[in-house]
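Two complexes, one shared chain (chain A), two partners (chain B, chain C).
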Partner chain A sequence: MDDNSAQAKVVLLGEAGVGKSSIVLRFVADTYHSDIEPTIGASFLSKIVNLSEGTIKFGIWDTAGQERYHSLARMYYAEAVAAILVYDITNRKSYEAMKNWHKELVEQGPKNLIVAIAGNKEDLVEKEQVEMEEAKSFAESIGAIYKKTSAKTRYGIEQLFKEIAIKIKDNRSIVTREKRGSIRVTSAVSQQPGVAKEKKCCS
Partner chain B sequence: MNPVKTVQNKLRNSENLLKLEIVTTQYKGNPKECFFALVSNKSCPYEQAIFLFRPRKIFSLSGGLELLIVLPLTKEIQIIQKSDGFLFRWLTYDTTLWNITTNNKKLINTLIKHIEEVSRYQREPFHALSNSHKWMWYYESAIPIQVRSIEYNTENNSTQKISNVLLPEHYGKDMMNAYIKDQLKIRETEYTEIRDIKMIIGTWNTAGKGPSEDLFLWFCCQNDVYLEPEQSPDMIVICLQEMCELSPKNIVGDDVRMRNWMSHICNQINDSFPGNQYTIVGDEHLMGLLTMIFVKFSMRDYINEIKTSCVKLGFKGYVGNKGAICMRFDLFESSVCIINCHLAAHKNQAKLRNEQIKTISKEGKFVLSSKEFRNVYEHDFIFWAGDLNYRLNNLSTDSIINKINAKHFSELLEYDQLNIEKRENDILAEFHEGKIDFMPSFKYRIGTTNQFNTSNKRDPAWCDRILWRGEAFLMRYGICNYIIQSDHKPVFSSFMVPAKHTDPLLFEQVKSEVYKTVDDMHHESMPKLKISENFVEITGVRYKTLLTKVLTLENVGANILKFEVKHNRDLGLHKSWLAVEPEEGTLISRQIKELKLNVYFGKNQARKLNKNPEYTNCIFVLGVKGGSDFFIEIQCKINGSCFGASIQNLIKIPQPIASLSEKLSTFADKSTAAMEIPKELARMVDFLKSKGYREKGIFQEAGDTEIKKDIRWALDTGDPFREDADIFSMSNILLEFLDCLEQPLLLPDLVSEACQIFQTNSFPAARNYLVNNLDQISMKNFLYIIDFLKNYIDNSLYNGLTAVFLAKLFTEPITHFMEMENAGEYNPSVKILPTQRNQLLSMFLYS
Partner chain C sequence: METPLFLRKKKLFFVFTSAAKPVWTRYGSETDLSTFIGSLAAILYKFQNYYTGIQDSLRYLRTADMYVVFLCTEALFYVCISKGKDSLESLYNQLRMLHTKVISTLTDNITTMLISRPSYDARNLMGGTHSALDYLIRTTAVSPSMLDAFMPVPMLAQHRSQIQLSFKSHLDDDLLYGFIMTSTSIIYRYCRKGENIHHIDTSLLFNMLASHSSLRSTMSWTPICLPNFSDKGFVYAYITFLQDSQVGLALLSDNSAAFKNLKACGDAIETEIRGLLPIIEESVKSIPYSVSICGIKEFKHFIYMTKAVDQYTMSGFTPSTRDFLPEMPIDIYKRTLRRYFAAYKLSNIPEFFKGNYTKIDTYKNEQIVALRTNEYVLFASLSSMLPAAAVVQLTTQLLRWLKSQEQDFFIMR
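Then we have the complex of A and B:
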């Protein structure tokens, strides 16, 4: 199947309550609920994004942030092309947890994984515990996309996914240039038993 | 030579070779090896086409490939399966069947499946102007004429059902793109505006003369007074032939004359439409051919990607003055191609002219700035103009002149070679031409408006023509008799070209709306599962007792759903005490199914329990195909048990283990009590002692499952054994107890060492070694069991038990030797055979 039509798997990782599900719901369905339930499992949602270079179909895995499900996240990032590491800008602990997620991805994640960092709950900026400069320079140091977002106000959500989409497209065109499609040819002739026998005689 | 490479070389970079199969087919009446290829365009992979290539020489691929046929894989293709391959044909072309011999059934299935899917989205029968497969026109000469016909059969159209429904499984697949493209096409009017572009196209063979005359009439499409001069057009395309004279000495052309013509025409155009400024956006010359494109100044930003391609029509090594200039450009978002050609002269050369037209359409190619290749057919509007040089057949000069004078043009046009070739040999078959209601353009006496020069057997003829393909509207078509410098009269045409102008913002908006409906459709159709609980607490779990908890699964979505337990044992959350039943299944919409959670703690699980307190928690993943995953957490409240515990802990606990509120090990750490022998072990031994040692079958017969279950429970609760508890069941439980111990009484490495000492030295030495090296508690318990077992040997006359037999039974439960060896927990440096171990134990029983 052609690369263009494949879904791009994106996984959201981050501490419980940072707003992973809220970000996904805002992006996919443009809705927001302040009484959203914690995720127990890994929700799958999809969305087509329109770029000037074509379209990209996201298959998004929204994982459970609670610590006891931590080790299960690997099932989802193992096959992802991009990971969004979410932290809550009003919660320093969630920022440290985000850094640990990055460490885990480096150690156990797939190669060439595109990483994006989302500092969520931007609308609560007056309660900010993590300065943007700090997060930004961390993102820069690991070559990650950085976006401040608010699932509540929509701030930065579209752009976050757009930037990821663009990076995926760029990576793909490199990959497809590297591996030219291989195709097998079967032939009515070469499958005839007679031909096979002849070959045997010669050997 | 690699067939894939060979075929790929025949394709463009923008195309994908999806499948290639060497097949046998009938070609010119004989079976021939052919390459059957399935090809798609990279930018729209769901538009696939069948390509059939024939190697010029079988298996000598260097001989090149001949492209026999190209067919779009649309619903018009009918595939008929046969035992040795398949037949295919084009619906409206049912006299020709292609018979393909192949044993690749997968290929046939792929074709059938694709056609089936395509049928969902195909809104109208395939034809030359279809929105789909535009890329395929690059191989126009290999597309059968029946396939390209513009006038598709409307009867067929109405009987075919158009479903156009996106199936859930198509999401994210090629078919989804087909659907999106189709939806965008349907809604085209919402984001595109049609700009009616008035375009004048003129063609004129100037016979190497001039420029000298005023050309106002030509540009204004005016011949007689009854024709109003055209109002200022948006575009003017001028096609000249023989704008300079070519001779064997001068085959390159005449730059000076060309420049003269260009400036003359440029000036004349601007003079013809006062108040308007025209600018030249494209010009190209090839020998005597000159093409110029003028647009109104205000329009110049809407003409883009102007590319030209020249085709020389040399004949047998002689470079003549014949050829074509193909010029293409984008007019707003529509594509236009203009062909200015000069074909072979003379009445008897109609066949050569046909070939030349084919050559032009094959060789006229453009490279766009996106590096994409285009041929002349891959355009929305194609205008074919020039001195095509077709003459009138089978008529005497006199009768031609008479009919012209009588203005019986349509009668004469019956004999027009181009009309005949169009009809009979598919030459420019898909092209339209306006009604010819004007004098032939050739051959006039120079300097006259309407006197034909019939010397040298030159009959009057409509040599100079303008044809088109695409949905343009012809407004005027005629000649200018009042321009007299050449033996040809200039021919003019005026078109209304409905160019599509896309509003980028509106387009984006419609696109996101279409995407949203697709997303919504997908989310709507996504499998939805409801699980009764995702946190399950199971209480009262006992050693070796199966407990089952039932969850209910309900398919609350609209479609069938498949679920499965995702095994991820490497992630360490799945535990072997849990078995989910069934592990996978299918639910139709609204169906409810039970999911059984079977919890069972056997020997291995019981041991782990004591090492890892988290062991009673488990999370498993229930995945729904194409949907979300659920995490289901199970917490077992397990009753404490002596099975799987260690002797060291057990001796510290005087109360019944099942009654403990804490973990066994925690409790033992705090306890100050210390017995010599665990009370559970003592209870079993005492029970057996009380029954005497004489009965036959002890340690051998299986015992009763229910009784055994109750014995285990009684050991843990401290309740008395049931009345009917028997020695067979009890003796089995004793073995089980030893076997389950977290640590064996005698560790394998001690056993190994003792065995070696026994072999090389003596039993007392081995015994001493064990006594010195084993901890007190284990030693006491070990000897306690040995002493107990000796009673049976003393009574062997009655029970038939021997030391060798008992040793064989007890060695493994006492040492866990084999178990630990198999599990890799013990790697002996010297191999100790089972018989050696049994021997050591039997020596204890003898002594």
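Then we have the complex of A and C:
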């Protein structure tokens, strides 16, 4: 693959009604409808993002939040490189649900998964039930990106995906370097595995 | 006592568990209805207590202007309260379809779960399905459910076989069923060799596509349980709409990891049928079609089903959209449908009607013909002024015409 362009699968997880589809639609098509229907199963959308380091093609799985689809979510996150955990800042229950999603990802998700937390519905900040500081410190504790977003006003949406893209690029370059390293290993250059290992630690 | 608003509606539906926990209701909120549902459940149990030892349960209650119909499954109970003129058979059919839809959403595991935990609150599990259930009720109310069939749109056989060809040349091992449909019509259906597809499973998939507009905006990979394929688990549907059109492609697999394969398969089919888009859109617009296309002016309406395929066609009205032509206003259609039901009722008594069945009912303003043979079922409405011999002769003429049009009316194998 060309070093400057990459493909990345991203999955959105979170309780029903927190705004997962709205975030995706805002990001992909820059539209917003206050009254969209619940997603069923999962829908797939893609969008290309240009960064100074190159382009990245997002393949986004927007999953349904209803309880009955929960056990099926694995199918969608199993191959993902990044997960966006969405909660509604005006609904504490959805925040707790978001934490449970994280727990599940740690236990069953793919290794090296990039996690981002989106506190959505920033436009309703006066009804906030989960304070930003709390969510932020949780995000820090698990090494996740944290963004407050509003699909309605566009607030934070671009930045959310941009930060994910940058992190994906960073990880990729480490992976690529590792790969190069391993080629040298097979051509019997000593010491190289150590170098690769070291780099992994920095990630 | 003040009557709650929801009780003023013409047709009510309730779903609850054996512990009288509400699962779904058409109007009002499940929470407000808990007392009412509790009473319904109590009535059911009272009757069961009276007749212990008899393997039966309460089927319906009748008042001057109202039916209360009960459908008891292993773990879920369905009740319809109807103040309309619907026949008992049609109400039962609606309740059965409602149950099928619940299983299609949750699989039959819900039964096992509710048997062990009857007080489990299953309301959340049905979240986001309200519009689909409501749509199901609206369409089944006007469907000829006694036919065990679905209605595809008419299309020239040569065009339909072009679609078939594009499916056959891009088959994937993971492909179980395939559909070309819009939110109002079924255009083509594919089924893997050696498998069957049931008309109810077809209707369930159609119901999902028709009632969830969210499917129309993107491509989806969605679980659906098709109870006649297996009620124990899900199959997966890849659903996408052809660019800038209302025409959808649904490819189903029993392999949950088949998204990539089916998407590739779908992309190939899409490219091939793109050229047929104007023809498909034209055929979708062709229903409802006028009864006059049969060329026999005495007929007011007909429904024809052939048993070679599980499909029917009808003039003047489209059950999936409730669209109708001026020749068949919805109220007249509903009355005609009730009369078809009535004329067909006796055909289900096997001791009397093993072979062919013919019934002609005369009403003040029309005559109803119901015919059943091993090959087809026909319902038709004619003018009431005709003598019996003429009715027989015209019906034979109509049948001959319908037979000659089968290739275009139906999706043939």
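As a convention for this text, the second predicted complex is superposed on the first by the 173 of 203 C-alpha atoms of A that agree within 3 Å, B and C clash if a C-alpha of one lies under 4 Å from a C-alpha of the other, contacts with A are read in each partner's own complex, and residues count from 1 in each chain.
Just so we're on the same page, a residue touches a chain if its C-beta (ideal position, glycine included) is under 8 Å from a C-beta of that chain, and two chains touch if they have at least 3 such contacts.
Fair warning: this is a prediction, and the values are worked out from it, not measured in the lab.
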> Of the two partner chains, chain B (first) and chain C (second), which one does A:Ser43 touch, if any: first, second, both, or neither?
Replying inline: both
>> Let me test your reading of the model: by the given contact rule, A:Tyr69 touches which partner, first (chain B), second (chain C), both or neither?
In response: both
>> Looking at A:Ser21, would you say it contacts chain B, chain C, both, or neither? Reply first, second, both or neither.
In response: second
> Now for A:Gln7: first (chain B), second (chain C), both, or neither, which partner does it touch?
Replying inline: first
> What is the shared patch of chain A, the residues that chain B and chain C both contact?
Replying inline: 40-45, 64, 68-69, 72, 75
>> Quick check: in the complex, which residue numbers of chain C touch chain A?
In response: 105-106, 124-128, 131, 208, 212-215, 217-224, 234, 236-237, 256-257, 259
> Which of the residues in chain A end up touching chain B in this complex?
Replying inline: 1-2, 4-7, 28-29, 40-50, 55, 57, 59, 64, 68-69, 71-72, 74-75, 181, 183, 185-191
>> With touch defined as at the start, can you tell me which chain A residues reach chain C in the complex?
In response: 16, 21, 25, 36-45, 62, 64, 66-69, 72, 75-76
>> Which stretch or stretches of chain B touch chain A in the complex?
In response: 3-4, 16-24, 33, 40, 42-43, 45, 101-104, 171-174, 176-177, 180, 508, 511-512, 515, 518-519, 522-523, 526, 534, 566, 568, 571-573, 619, 621, 626-631, 633
